[in-house]
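Shared between the two complexes below is chain A, which has chain B as its partner in the first and chain C in the second.
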Partner chain A sequence: MGVLSIFILSKAGGLIYHKDFGFGLKKLNNSNDYLVIAGTFHSVHALTTRVNPLNTHSSGLLTMEMETCTLHCLQTLTGLKFVVVTDNNQSNVSVVSSTIYEIYSDYVMKNPFYTLDMPIRCHKFDRALNQYISTVE
Partner chain B sequence: MSKVRTIGADVWKHKTDKVSLELFTLMYGSIVSQLCDDFEHDYTKVNQQLDKMGYNIGLRLIEEVLAKTGLPRCHSFRETADAVTRVGFKMFLNITPQLGNWSVDNKQFSIIFPPGTNPLVEFVECYDERARRELWYSNILAGVIRGALEMVQLSCETEFVSDVLQGAAQTELRVKIIKVLEDEVPQGEE
Partner chain C sequence: MSVAPRPAVPAKPSSSTPNFAHERNDSVSTPPPPQQTVYDRSLARKRGEVSLSAFAYIFSEAVQYCHSRSKDVSELEHRLNLLGRHIGVRVLELTVLREGKNAKRETRLMPMLQFVHTHIWRTLFNRPADSMQVSTEEQLQYMIIDHRPLVTEYISVPRDMSQLNCAALVAGIVQSVFSAAQFPCKVTAHSMGTDEFPDRTVYVVKFEDSVLKRV
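Let's look at the complex of A and B:
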C-alpha cells in the first residue's frame, strides 16, 4: 500500500478534503486536529519559501521525510495544495499528485453544487479517487 | 514556446471528452434565447448575465487547463495571450483564434475570430435590429477569460468590440490587463 493519506488545502490554508487509504491506519483523536495540521502545514510551507540562502527563487517545501512515511506537496498556480502521504518506498509521487489534481478538476470543479473553497463532498470525486489510488503501485 | 503550440492540440486529442458541435451550438443558442426572453429583450442585462455565467465557468475551468497541461507560470502578457488562445481555446473548442492589436505597453490585446471560426455562432442569424446593435452573442467567452485569468492572479477587463453577427468583418474580443494581484500570488510563486 503506497499512498496512505491525501489532504487538499484551499489557497487560504483551510483543509477542504482529507482521506485515509488502507485499513488499520491510526487516526487523530479530534477531527479539529486535522484542520490544525493543515493550517500549520500551510504556514510552514510559506516559511520555507523565504528561508532560501541562494539568491534564486524557491517554491518552498516539496517533500518531508520521516522514518516511516513521506509527505509530498504539490502547489498549483491557483494556490491549492495537494498533500500526499506515502510510505517511503513509493516512487513517482509527482505523477500521483498531478493525477489527483486532474481528478479534482474533473469531478469537483465540474460539480455545479460545489462552492469554491468549501469542503469537498462529492461522491463521484471519492469514487474516482478511490479507483485511481487502488491502481497506484 | 513550441511546447505551448503543441500542448493544446495534444490535450484536445487525448484528454478531453468530446460533444457534438451541433448539440453544443444549439444548447448555447437556447441559453441565449431563453435569457433574452427572461430579461424581456433588455440586451444590456443579457450581456451582463452571459458575462457573469462565463466568469463563474472560468473560475473553475482554469483548474482543468492547469491540471491537464501542466503549464508553467507565464512571465509576460504575450505568453499569457498565447496560452489563452493556443491552449485554452484549443483544448476546449478546438479553435486557435488570432492575436492582434497589441497596445504599446503590451497590456491590451485582441482575440480575433475570423468569420466562420467561432463555433458558438455557427447557425445563428440575427434578425432583430436592436439585438444586432446591442447583443454580444458570445459574451460568455469574455466572462470565461476574465474568470480564468483572475484565478491565476491577473485582474483584467474583457469586452467584445465587434461581432460578425453585427455585420462586422470579424469578431474581436478585447482584453485589458489591469494589474497582477500581488497579494494573492501563492507563497513560493514568482
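Let's look at the complex of A and C:
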C-alpha cells in the first residue's frame, strides 16, 4: 500500500479533507489535533517560501522525508494544498497528487452543493478517491 | 415563449484583405481572427459535441440559482424541470432536422416512446437510454431508465435533500419533447440506485387521458 494518508488544506490553512488509507495506522487522540497539524504545516510552508537565498519565487516545501514515510505537498494556483503521505518506496507521487487534484476539481468544484473553503462532504468524491487510490501501486 | 436573439457574429477584420497587408505594423497587436462560433456551424452536422466540464459548471450554477430561490426540494425540482422545457422543444426540432430524408412525424405512442428512448437520447447524450418499461400499476404510464445520467455525474446530493434528483432537468426536456409532439404528459425523475449503478435514474412518463382517446 503506497498512499497512507491524504490531507487537503484550504488557502487559509484550514483542513477541509482528511482521509487515511493505510491499514492499521495510528490515529491522533483528538480530531482537533488534525486541524492543528494542518495549520502548522500551512505556516511552515509559508515560511519555506520566504527562506530562499535566490532572489526568485520559491514554491516552498515540496517533500518531507522521514524514516518511515514521506510527505508530499502540491500547492495549486488558487492556494489549495494537497498533502499526500506515502511510504518511502512510492514512485510517481506527482502524478498521484495531480490526479487527486483532478478528482477534486471534478467531484467537488462541479458540485452545486459544495461551499468554497468548507469541509468536503461529497460522497462521489469519496468514492472516486477510494477507487483511484486502490489502483495506485 | 420568446426566443433569445442570437449574438451578432463578429465581422471579419478588414486588415486581413490583401490590400492592407503591407501597411500592417507587426509590433501592434492585432485582434485574433474571429473563431468559428457554434452559430456558424451547420445545424445538420450529426455530432454537436460540447465540453462536459463547461456544461457541468453551468449546470452547477443553474442548480445553485434555482436552489437559492426555492423553499423546498420539490420546488427546486420543479424549477429545474421548467428549465428543461425550454431545451426540449428545440431538441425535438433539431433531432428531426438531422434525420434528413428519413425524418418522420411520430403519431403513435409506442413508436414515439421508442424515438425518445433512442434518437432523442442519442442527440442529448450520444447513446440510447438503457431500458424502457411499461408500468403495471397505472395505464399510460411508462418508464425510461438511465443507468448513468450524464447531468448528475459530478453532483453529490447532501443527506438532508436525499429525495432530490437533479436529473429533473432531463425530465423537463423529455416532457417538453412529448408535449411538442402532441403527446401531453408529466415526467418526473426518481433516483433508484443499485449497487452497480448508484446514480440509476427512472424517468416516469405519465400521459394524459387525451392521448389514450386518440390512440
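In this section, the second predicted complex is superposed on the first by the 137 of 137 C-alpha atoms of A that agree within 3 Å, B and C clash if a C-alpha of one lies under 4 Å from a C-alpha of the other, contacts with A are read in each partner's own complex, and residues count from 1 in each chain.
Simple rule for what comes next: a residue touches a chain if its C-beta (ideal position, glycine included) is under 8 Å from a C-beta of that chain, and two chains touch if they have at least 3 such contacts.
For clarity, every value in this text was computed on a predicted model and none was experimentally measured.
Trainee: Based on the superposed arrangement, let me know which partner A:Tyr17 touches: chain B (first), chain C (second), both, or neither?
Mentor: In the superposed model, A:Tyr17 contacts neither chain B nor chain C.
Trainee: Contact-wise, after the overlay, does A:Thr78 reach chain B, chain C, both or neither (first, second, both, neither)?
Mentor: Only chain B is touched by A:Thr78; chain C is not.
Trainee: A:Arg121 in the overlay: touching chain B, chain C, both, or neither? Say first, second, both or neither.
Mentor: After superposition on chain A, A:Arg121 lies in contact with chain C alone.
Trainee: Touching A:Phe41 in the superposition: chain B (first), chain C (second), both, neither?
Mentor: In the superposition, A:Phe41 touches no partner, neither chain B nor chain C.
Trainee: In this superposed model, does chain C or chain B come into contact with more residues of chain A?
Mentor: B
Trainee: First (chain B), second (chain C), both or neither: which does A:Phe113 touch?
Mentor: Touch partner of A:Phe113: chain C, not chain B.
Trainee: Quick check for you: in the superposed arrangement, does A:His57 touch first (chain B), second (chain C), both or neither?
Mentor: first
Trainee: For A:Phe7, decide between first (touching chain B), second (touching chain C), both and neither.
Mentor: Neither chain B nor chain C is touched by A:Phe7.
Trainee: Need the overlap of the two footprints on chain A, from chain B and from chain C, as residue ranges.
Mentor: On chain A, the residues that contact chain B in one structure and chain C in the other are 106, 109-110.
Trainee: Which bits of chain C are touching chain A when the two form their complex?
Mentor: It is residues 53, 56-57, 59-61, 63-64, 67, 154-158, 161, 166, 198 of chain C that touch chain A.
Trainee: Across the complex, what residues on chain A touch chain C?
Mentor: Chain A residues touching chain C: 106-107, 109-114, 121-125, 127.
Trainee: Which positions of chain B touch chain A when the two form their complex?
Mentor: Result: residues 59-64, 66-68, 70-71, 73, 151-152, 184, 186-190 of chain B touch chain A.
Trainee: Show which residues of chain A lie in contact with chain B when the two form their complex.
Mentor: Touch list, chain A to chain B: 11, 45-46, 48-49, 57-60, 75-80, 98, 101-102, 104-106, 109-110, 116.
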